[in-house]
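The structure that follows is given in the form of structure tokens.
Lettered A, B, C, D and E in written order, each chain numbered from 1.
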Amino acid sequence: MLFDLLKKNPTFRHGIHPPQFKEDTRDKPIRHFPFAPVMIIPLAQHIGKPSVPVVSEGQEVTRGQLLARADGFVSVPMHAPASGVIKKIGRVPSISGKMVPGIFLEPFPGSSQEVLEGKPVKVETSTPEEIINAIQNAGIVGLGGAAFPTHVKLKIPEGKHADTLIINGAECEPYLTTDHRVMLEQAPDIIQGVRYLLKATGATRAIIGIESNKPDAAVNLRNHLPPDLPLSVQVVEVKYPQGAEKMLITAILDREVPSGGLPIDVHTVVVNVATTAEIGRLLPHGRGIQERVITITGPGIKKKGNYWIPIGTPLRYILEQAGAEEDIDRVFMGGPMMGTAVSSLDIPITKGTSGIVAFREEEARKKDVKIYPCIHCGACVDACPLFLNPSKLGILAKFKDYHTMASDYNLMDCFECGSCTYVCPSHIPLVQYFRISKLVLRNEKAKAPHV
Amino acid sequence: MFKKTLHIGTSPHIIGGSSTDQIMRNVVFALLPVAAFAVYTFGLSALLLLITALASCLLTEYFLNRWIGKSSPLSDWSVTITGLLYGLTLPPHLPLWMVFVGGVIAVALGKFIFGGLGYNVFNPALVGRAFIQAAFPVAITTWMAPFLPDRFSHIPGSTLTLPFLKPVYDITSGATPLSLMKFEHHTTDTYNLLMGMTSGSTGETSALLILLGGLYLIARKMMNWRIPVALLGTVYLISTVLHWSNPDIYPGGLFMLFSGGLMLGAVFMATDMVASPITPLGATVYGIIIGIMIYVIRVWGGLPEGVMYAILFGNAVSPHIDNFIRPRVYGTGKQWSKS
Amino acid sequence: MKTESLWFIFLNASLINNFVLAYFLGICPFLGVSGKLSTAFRMGMAVIFVMLISSMAAYGIHAFLIWVDAPFLQLISYIVVIASTVQLVEMFIKRFSPSLFKALGIFLPLITTNCAILGLALFQTNKGYNFIESFVFALGAGIGFTLALVLMAGLREKLDFAEVPVIAKGVALTLLVGGILSLTFMGFAGLGG
Amino acid sequence: MESKPKGKLAGFFHFPQGDGLSTDEFIKGLWRENPVLVQVLGMCPTLAVTNSAINAMAMGLATLFVLVMSNILVSSLRNVIPKQVRIATYILIIATFVTVADYVIQAISLDVHKALGAFIPLIVVNCIILGRAEAFASKNGVWASFMDGLGMGVGFTFALLLLGFIREILGSGSLFGISLFADSFQDWVIMILPSGGFFALAGWLLLFNGLKLRKKQAQPEQTREEVLI
Amino acid sequence: MTVDTIQPEKKEVGSFKMFQAMVGIGIICALAIVVTYQTTLPVITKNKAEALEKAIYKVLPGAQTRKNFQWDGQKFSEADPSDHSLKDVIYTGLDANGAMVGIAIEAKGQGFQDAIQVLYGFDPEKQAIIGFYVLDSRETPGLGDKIASDAAFQENFKALTARLDESGKKLEHDIQTVKHGTKSKPWEIDAITGATISSKAVGNILNHSAQYWAPIIKAHIDELRTH
């Protein structure tokens, strides 16, 4: 025990230690959630091409039935979250504030939780291609928040190979305990998912990375480890952004993903632990994804906890059911570090929504924090997990010198973890500047004629 | 049932750490004991000097910023630091009108002209001090003996010199430990240096209080500890080695550390965040460069003290340090180490 | 009787009485070419190079003029020698090192009217330096010039991203920074004794 | 060439119609195109020798002399000098007049010569002179070139004196060597040091910038940004 | 000239024409320079001689005329007083009767800002420095430049001992600058308050120069007198 204390868990360099706030929900078992009167299902809940509807207005659908098919490789299908009637196919409100193509579904009153069974895919008898196809058909995307189609990640490009599969259970975002609960309650599903993933990627070993603030999860998974599987559990230091792919790879394997490269460039595939559990749960039944685990928490929520929530449930309904205070002032989808603040409660949760955090007026970030000029204190330099110089980048952004930012200061490597903004004593919205700068550069590149 | 409007903003939605005005305020707190000891050592003239230095800096900042329409320029406390530091580097009975001139220069030329807080490429207090040093070389190298018996009842005539006139001295003058060393090869006792029993600039005499202030700021993570450590370490190392090689010519390490403005400069001046390098390694290199410069000027140069010039030089070099010493960005350079 | 050590001559020309910051020689490139670090550094290198060559040439010319007893031709011959030295150096570099020419090329013609070069020739004559002393003096002056230029360039690159009040933008700001640098270099006074 | 000369000698004696042009040539150097305060040329002598009014005056007059003489000679020979060797020729002409000025000053006052030191020969590389020879005298008649040289020279002297005044008054408490204040006046030594030169010139430039800014702001159609550049 | 005639002429500027133009201008320039030089030279020589004599008479009180002597490493020989280009020249000052008052020596050394150039009077009889004059310095105005003007400082050089030791090769006591108000020996210089560095520089320059010249002068004093 004493030696355990002395021995430091592996981690990456730099990073920050924001307060955790996980106590409120981490001990609450996952509970089911009722169906909302109307479900809103955007067709683009993932990165890539929106899916194409295969149902028509007025059609009755069963829970788990295909609503929209994938449009190409970088796309996933959409399944019905509840049995009910397709009210309308049109435009639905989205988190960005714009109206996007989507489907309105009205569940039957008292609709059952029963899900349509599909064609099962067995690990033992399937080829990697079949598993990858099955994962796409199940509509699975990264449930950690990125919503990147998982099967795309698993498809190893020509000439490359994967030797290690990392299951990301770090969950470094404050407030969120989704993955924590999943690891406590769905260990068999996770193990099953790992089997599928190992087969699909051809990796020879799998490591589950867990931050040291979830010792019970590590113990639980270790207890479930089957002897035949090259799977181990690695506890890593509590630090934000430990859950970022690159940081986790560095912490566990001491490998650095090359600038502009992907994990596969260092023979690694990283999959979120909840995604893994979902693969292990859905594929044996040939089902599609229709609900996910979401942490509902924050000072503005009375019934804090983790819930199975059907995809497409409107935010307002969730908040009402979870007993939100009337004076909530800010609501975030995802964690407070990388999540998005919502402007309207009429938007639905999507596959990528890992948490809902609601703040009341007084707890929210003080409205009138004064922005001072950069005083070169270096706090951001000490925080940036990629060893960038956010101070210099911020100054360059302020003077709109975007090209120097990209050419001399590796702007494009920034994955917008927000550590710099968090620590900045001058309250400069650094990561916000970087998002705009990257956008400007991408737009310019798109406009530039191809050579 | 819910409020109609929600506040939006982009992530991250929480912020931590201390804010700039907090940091600045704490530096002021750390300086207050030093200032109090200065008043105790040199009496009324030091008190008047510090008040004048502060007033000139604050007023200049206030009016210049009002002139170009910037709002509440004093709320960030940075100019308070400038004023205090500037006052603490001056000889205690410098004529107040000179103090005022230097304060105006410090803020106008050292800070405002570059765009105010965050853009000053040199430490403003030192710009003001260097200006005064060049403009009034006699007045700024005339020192007052510490702990004069009538220091709380008598204001030295030189302090109250009318503007544009030469000061007339009517009190016991003293010699700084460094000029004693340089011109008379007389070394002052380390204990006296540490406790501030010597003559010198208003705020530089008590090395102990300065160190305590620095430790406070380092403990609160409001100061880059690498700069003072590298700087003091360099000076100590060079002087110890050379002292060992020839004690007659080269003064000892402890004497070098605790005499003159080295402590004040290393702890409060060289660490001016805006004008120093941003990376940890850069800060170390910067400290070493300043340390070498201080030693060279003190021992081989014509002046007895070189902290001010060395730090200004360090400020001038720091853009280059930032340019050349950059951390290796993640995923560049070396590829992943093992398979 | 020797009065100045070579070390002192070097320190004097480079730091204590820096050509730019104390003698105001080469102020035009100091104000003009110090905007970017890379340019400033290359300009500095070119100046060191030309200074060394023209200093040696000036030493020879001076000896010759003493011999023919025509001191009144000093200025004209210096300026002619410097101009042609620059030309020769330019051709030479172009012929033998195209890469160096690419780096220094555009600065060489500018150097002809750089008063630091002519100033160097005149100073070394006035001070009565011998050949070795002249060489060290030229080296010190060139390094001092480069140092001033490079320091200035670093500061100006930093100030490009500062909210400088409109009234101070441009030459005035550069001059003010130059003034502070000049103050800083006063700290070197008395070195090398 | 704004006027077509009828023969080789015509250029020599070609006076422009009316006095308007040449007055303008004179005036522009004083203020609108002041070589120091507006064009920021000839910085070396401007900063180096202005620590007293007398030095500034001497340097200004020496430059004025060289400027006027070289302008006259260049403009009168402008049709004779082949294009290819013109710069070399100008430098030769300028160097000649600088040498002349050097000896004359030395004959008049050794003290002034000592104070100005190497900066008299350095007039050769003062960009103003070569600049005027190339930009004006080589394209204009003798009279206009004379007026141009005079204007630029006087403008240069004026700027030097502005600096010399402020630096000597503050730095030594005197003007042209005559003590202005009582003995108890505290000199601002920095003003006669090199850094004082930088600060004094920057101060004047700031003042003129401020004036220009105010003037431009009075005209509403021009934006602030245009003024700064 | 019409346009037609201008164009071909411009193209045809050949080497000869260029040469012609250059030579022509060269002649004009040469003329201007030579005339100026010839006219101003006598005045300049006179001015320079006067300035030097003024300084010599200042450091050698009582001197009326001077003689230049050049040291070639072996012996002194009288030099042309108008030739300013010679090196290692010292000056003897003679009073109205032609008797030698002392020797004026130029010395140079590093000061605080730049080299300081001084002239001092040396009395070979008394073996002491009897006068001091700053020819050139760039010391800090109001501080270091007091070495030229400070009356109390000048007082040091009324009789500053520079006596040779028994070997006759070096000074018995180094000339030294001491802190203001602590002068106790005749070979010490009382520094100026606040300008210790420049005062020390003067001491060093004098010491250095006297260490060099005093033995030479002592050995060759007859050569300086007989002429």
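Quick notes on this structure:
Simple rule for what comes next: a residue touches a chain if its C-beta (ideal position, glycine included) is under 8 Å from a C-beta of that chain, and two chains touch if they have at least 3 such contacts.
If you're wondering where the values come from, they're calculated on a predicted model, not measured in any experiment.
Taking the definition of touch as given, a chain qualifies here only if it contacts subunit A and subunit E alike; those chains are B, C. Among the remaining chains, those touching subunit B and also subunit C are A, D, E. On a Cα centroid basis, the chain most remote from subunit A in this structure is E.
Here the largest set of C-beta contact pairs joins the chains A-B. Here the chain at the heart of the shown protein, by mean C-alpha position, is B. Distance between subunit B and subunit D, defined via averaged C-alpha coordinates, is recorded as 42 Å.
Averaged Cα coordinates give subunit A a centre that lies 49 Å from the centre of subunit B. If you average the Cα atoms of subunit D and of subunit E, the two centres end up 34 Å apart.
Mean C-alpha position of subunit A lies 61 Å from that of subunit C.
The set of subunit E residues that touch two or more partner chains comprises 29, 33, 36-37, 112, 140, 142-143, 197. Shared interface positions of subunit C, i.e. residues touching 2 or more other chains, are given as 72, 76, 163, 168, 173, 176, 180, 183, 186, 189-190, 192-193. In subunit A, 373 are the positions where the chain touches two or more neighbouring chains simultaneously. According to the touch criterion at the top of this document, the contacting chain pairs are A-B, A-C, B-C, B-D, B-E, C-D, C-E, D-E. Contacts from subunit B toward subunit C in the complex involve residues 68, 109-110, 112-116, 119, 121-122, 127, 130-131, 133-134, 293, 296-297, 300-303, 306, 308-310, 312-313, 316-317, 319-320, 323. The touching residues of subunit D, counted against subunit C in their complex, run 40-41, 43-45, 47-48, 88, 91-92, 95-96, 98-99, 102-103, 117-118, 121-122, 124-127, 130, 193-199, 201-202, 205-206, 209-210, 213, 224, 227-228. Every residue of subunit B that touches subunit A in the complex is listed here, in rising order: 1-3, 6-23, 75-76, 78, 115-119, 224, 273-276, 278-280, 283, 322, 326-332, 334-339. Across the interface of their complex, subunit E is touched by residues 4-7, 73, 77, 80-85, 88-89, 92-93, 95-97, 99-100, 103-104, 106-107, 110, 114, 171-172, 187, 189, 192-193 of subunit D. The touching residues of subunit E, counted against subunit D in their complex, run 1, 10, 13, 17-18, 21-22, 24-26, 28-29, 32-33, 36-37, 39-41, 43-44, 47-48, 51, 136, 140-143.
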